[in-house]
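The structure's right below; bear with me while I get my questions together.
By letter and in written order, the chains are A, B, C and D; residue numbering begins at 1 in each of them.
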Amino acid sequence: MQFFSDNATPVCPSVMAAIAAADREDHGYDGDAWTARLDGAFSDLFGAPAKAMWVSTGTAANSIALACLCPPYGGVVAQEEAHIAVDECGAPAFFTHGASLMTLPGEGGKLPPEAVRERVEAIRPDVHQIPARAISITNATEYGLAYTPDEVAALGAVANDHGLGFHMDGARFANAVAHLGCHPGDVTWRAGVDALSFGCVKNGGMVGEALVFFGAQAEARAAEAERWRKRSGHLFSKGRYLAAQLLAMLEDGLWLANARAANAAARALAESANGRLMHPVQANELFLRLTAAEAASLRARGFGFHDWGEGAARIVTNWSQDAAGVAPLADALRALG
Amino acid sequence: MQFFSDNATPVCPSVMAAIAAADREDHGYDGDAWTARLDGAFSDLFGAPAKAMWVSTGTAANSIALACLCPPYGGVVAQEEAHIAVDECGAPAFFTHGASLMTLPGEGGKLPPEAVRERVEAIRPDVHQIPARAISITNATEYGLAYTPDEVAALGAVANDHGLGFHMDGARFANAVAHLGCHPGDVTWRAGVDALSFGCVKNGGMVGEALVFFGAQAEARAAEAERWRKRSGHLFSKGRYLAAQLLAMLEDGLWLANARAANAAARALAESANGRLMHPVQANELFLRLTAAEAASLRARGFGFHDWGEGAARIVTNWSQDAAGVAPLADALRALG
Amino acid sequence: MQFFSDNATPVCPSVMAAIAAADREDHGYDGDAWTARLDGAFSDLFGAPAKAMWVSTGTAANSIALACLCPPYGGVVAQEEAHIAVDECGAPAFFTHGASLMTLPGEGGKLPPEAVRERVEAIRPDVHQIPARAISITNATEYGLAYTPDEVAALGAVANDHGLGFHMDGARFANAVAHLGCHPGDVTWRAGVDALSFGCVKNGGMVGEALVFFGAQAEARAAEAERWRKRSGHLFSKGRYLAAQLLAMLEDGLWLANARAANAAARALAESANGRLMHPVQANELFLRLTAAEAASLRARGFGFHDWGEGAARIVTNWSQDAAGVAPLADALRALG
Amino acid sequence: MQFFSDNATPVCPSVMAAIAAADREDHGYDGDAWTARLDGAFSDLFGAPAKAMWVSTGTAANSIALACLCPPYGGVVAQEEAHIAVDECGAPAFFTHGASLMTLPGEGGKLPPEAVRERVEAIRPDVHQIPARAISITNATEYGLAYTPDEVAALGAVANDHGLGFHMDGARFANAVAHLGCHPGDVTWRAGVDALSFGCVKNGGMVGEALVFFGAQAEARAAEAERWRKRSGHLFSKGRYLAAQLLAMLEDGLWLANARAANAAARALAESANGRLMHPVQANELFLRLTAAEAASLRARGFGFHDWGEGAARIVTNWSQDAAGVAPLADALRALG
């Protein structure tokens, strides 16, 4: 049983069915019937006018979003362990033509609003220093914590006060919302978010995420984003297969159902490993203190997962699991004491 | 019956089956079992050591190839109607960080070797002028013509004489080889090609092309290309679904069988429209002189295709068709006289 | 006597005196008293509100201007022999992050307005093609011809109709205006020019050109340009020495006086070589048909100049010459017959 | 008496004389007699084969050096207060096409070798993380401390062990060497430095610094650097005026004499303000604890300087001063108690 990452699971059956249903001739690129429905579907989901486009990967979604929010000479404030900072080989700098990541520490992967404000206000307004132009946060964070609506809004207020764009990397947005139980608008546009990378692949998709723009500038930014998508080689000729996956995710709340299953699995494991938790378990990731011997013993029993530095491990659950399904690992963890 | 483009057809059944067969957990990104087989499969196909990687689109494949062959201050010689020059919104400039396209006219989309040589030799070697560093050709060309092994080799000789990288955009490589009846190595590495964008999507794939490097620098360039693939957001986390498509294409010669079907369909149409042809029909595209009235009459009968300037049309056949399947359009064309 | 280029002459005495006069402590970068006077001095010169900044070279001025007028995915229409296209090693692509030069042929280095209009209108508005976003012309052209106010205005009208920025490379702007006898505003802002590279080095300066913005967006573009100037390493810490040169140029019409001297020298030579002229002589350049033997005989007598392809030569006069001063070459040319 | 910065002083007389002596016609760009002497002059100075080129500013020198040492997807390790990190508006990212600055804390502006080693070794070698490719240090540091030969060599060893390029920002290199009393080769090529930005403007020049490459790759990197210099608009047409300044600096040890004067002035001030020093005074900068009232009282007496955060000030001496010349400020500081 594998807990390496939610990014390598099979595709969930409804998404696979949607792919099969899209297997007929249509217009190429983004001219097909599925793509045409995206704006509406995401506007409905978020309860506000939104512009939505399929993008092939989370890295592309994040980078294109930032390219629309930040000029080449600007800076993007982010938590120092954010995916954009440590796991994208500089993709944001590539797409923005050299914008700088201004990283800050933050408990559990969260960006502290007051630290952001201080950092931004310490920048001299002359041409010698890089001006902050955007904030980017990850929800759920890289440590599996969900920003609450209030927490997002506090950062949104900083963004608003300083004229910064506000981006949310939602590779595990569904897991965050499933935990919070709030309306998806509460942690996005209502809290000041301008652009959201809405993850699907980790939540049961095959390829394709959604990039969603909110607010008064949504239309203009989406038009810009379409240029970047083409120019970066991300405009698929058979785009309908991506659009169909996104639509399948939204239909009947599949995105939330999948996330709830993964979260439930994580909660079940957390209960069995209570004393070992390095972070609260809110989404579908557990970070555990685990000795090398303990890790080896779990692996010997067929459980796969990544080490997380020395004496620690990361366990990621996914849409295809649930509390019952992960019982063998839960038992094994409990047995470790 | 649609003849708009081969880039929007359904996925061919063997490829779809391969996608389904890849629908099980494996390592993420490029760490899976399918991806691991690509180098071998393409080396076998081409009869020479090759490094092959999946890339999401033809634009990405072309651009990443050029980024590995040409520095930011260099130039890429290409035919003026090449896809990289007119239909990629400047993607090659994005990936190369500003390299210049040095475009030349050429009959039927082909780049004339002597014109390339002249162009390259006219550049002063000082720092004021952009040095040519690569040649890029499309095979089959944008007008559906196939470069013969000798024609490619003549350009390869120019590349070799001047230390230029040599790239081939093979969005319809299969159609070219199917027409030529040669070994795929004859129009690539044996003729001096360093990097090939090996098209799959137009030939029955869903998403994903192969970028193939040949020659002594293949290893180093592929390592560089892997950086660009990640940095540009093209490293899919479920890359196995792309690798599986490519492998399916190579298995039992599917790539050639599909291309032969499309070519046969095009030939059948060409025979019915002989007097109207603006270019010889070698691959799966026809460019026809067609009055507005004639075009309208064909459309009225349900045939879809693009105009190609005034008084002309482009008709593209695809893997799902064959000579018999396009008989209705053949008859209609013949009836036009 | 050297006629290689006007870009390597000594500095004219008034400019050298201005440099000496700036040799006292002041604020660094662009905070000094000289720099503070630039906006006013150029606004006075052009008879309209202008934002002016010193820039180190013509290449930098041109590139920064284009970076302010054209996005990375856009195109700049220019004559195919323009300095930005053939002699700047891709600097415009570097500063614009990959914008494309859309080059057109044109007699005498001039860009024909109707050809520009056609080229721009032929671009499909979809995301696959690069949209034209700016026009750039050189006045006087690379062949020493001056655009008249009407000619500039005709291009300005195209720019206006299609929402394009309009840039003028004025490396030899003074020579053009000296020939035309018009107000400098007539061939710039009154004709729709948004940004002017105002040349000084070829006209007697040491280092430093002016980049001048006109019109409603001047302020915003200049602010953007200041970012690019810093980011590209062009913000000198002792900027006052550059500002002082520009101010010296404008004082008492030195810029025009210098250009008139150079033009007069060119005219004198033109009269002696009438039958050999390949282009009308309007500014300070002559392009002559000259056999290899004739060129050798002139060089033997101590006249230095560049060949211009086979059987032709380019002769450039400069601010330090005048009709009388170039009499020896004039005589020698006349003697050739 | 101004102590704002050494970057805004007058030009020292020998340099001004050299400019005047260069005021005659010669070949343009880098084809003149002065430029031709640079490689030899710097090779002599450093006691090793060196390639040297004039560059207009320190920002340009730093950025071009880094562009030659680090690919777009690579990282440059630097101290977090380095000029390249905080005062160049992202110029290194512009020239390297997006390379990342990996900043580390370090006492007095110095980069601790062991911290660099740890940072570099913590990077996973996969394509997801940005690989370190270069180290950049400032000597003297932004806090006026000089790296000793051993300290540089310790960093050079890390660079060597990990295949990193090694750059030194020597905006105040002369002040460092004047303090150390060592051979300039001891803190550069003998300690593993590949590229040095050799500062002149702060040391009495007008415009122009030298970019110097050492070692086996010097030739190739310098050729690359010449492309970047042109492409970034830094190739002056009257380059001889820059070359002449650099040569004047090297002649008769002017660079060291000027630095010694500035250092002596700083030392004299340091002795008067001993209890207030925040860093040892080794070069020509003093960082002092100073209350707002004290600062105001000094300013009231005509001394100009920058605050350095709250309760602190920065005082910079320069080539035109010496111990005697700064006596008034020394007295005033002493009087503050």
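Observations
Criterion: contacts are C-beta pairs under 8 Å (C-beta built on N, C-alpha and C of every residue); 3 or more make two chains touch, one makes a residue touch a chain.
Fair warning: this is a prediction, and the values are worked out from it, not measured in the lab.
Between chain A and chain D, the least number of touch steps comes to 1. Touch-path distance (fewest steps) from chain B to chain C is 1. Among the other chains, C has the CA centre that is most remote from the centre of chain A. Chain centres here are Cα means. That of chain A falls 34 Å from that of chain B.
Chain A and chain C, compared by their mean Cα positions, are separated by 50 Å.
Of all residues in chain C, those touching 2 or more other chains are 72-73, 88-90, 94, 97, 127-128, 227, 230-231, 235, listed in ascending order. On the chain A side of its complex with chain B, the touching residues are 2, 4-5, 7-11, 16, 19-20, 23-28, 32, 55-61, 63-64, 88-91, 94-95, 201-202, 206-207, 227, 230-238, 241-242. For chain B in complex with chain D, the touching residues are 29, 71-73, 97, 127-128, 226-231, 235. Within the complex, the chain C residues that touch chain B are 72-73, 86-90, 93-94, 97-101, 127-130.
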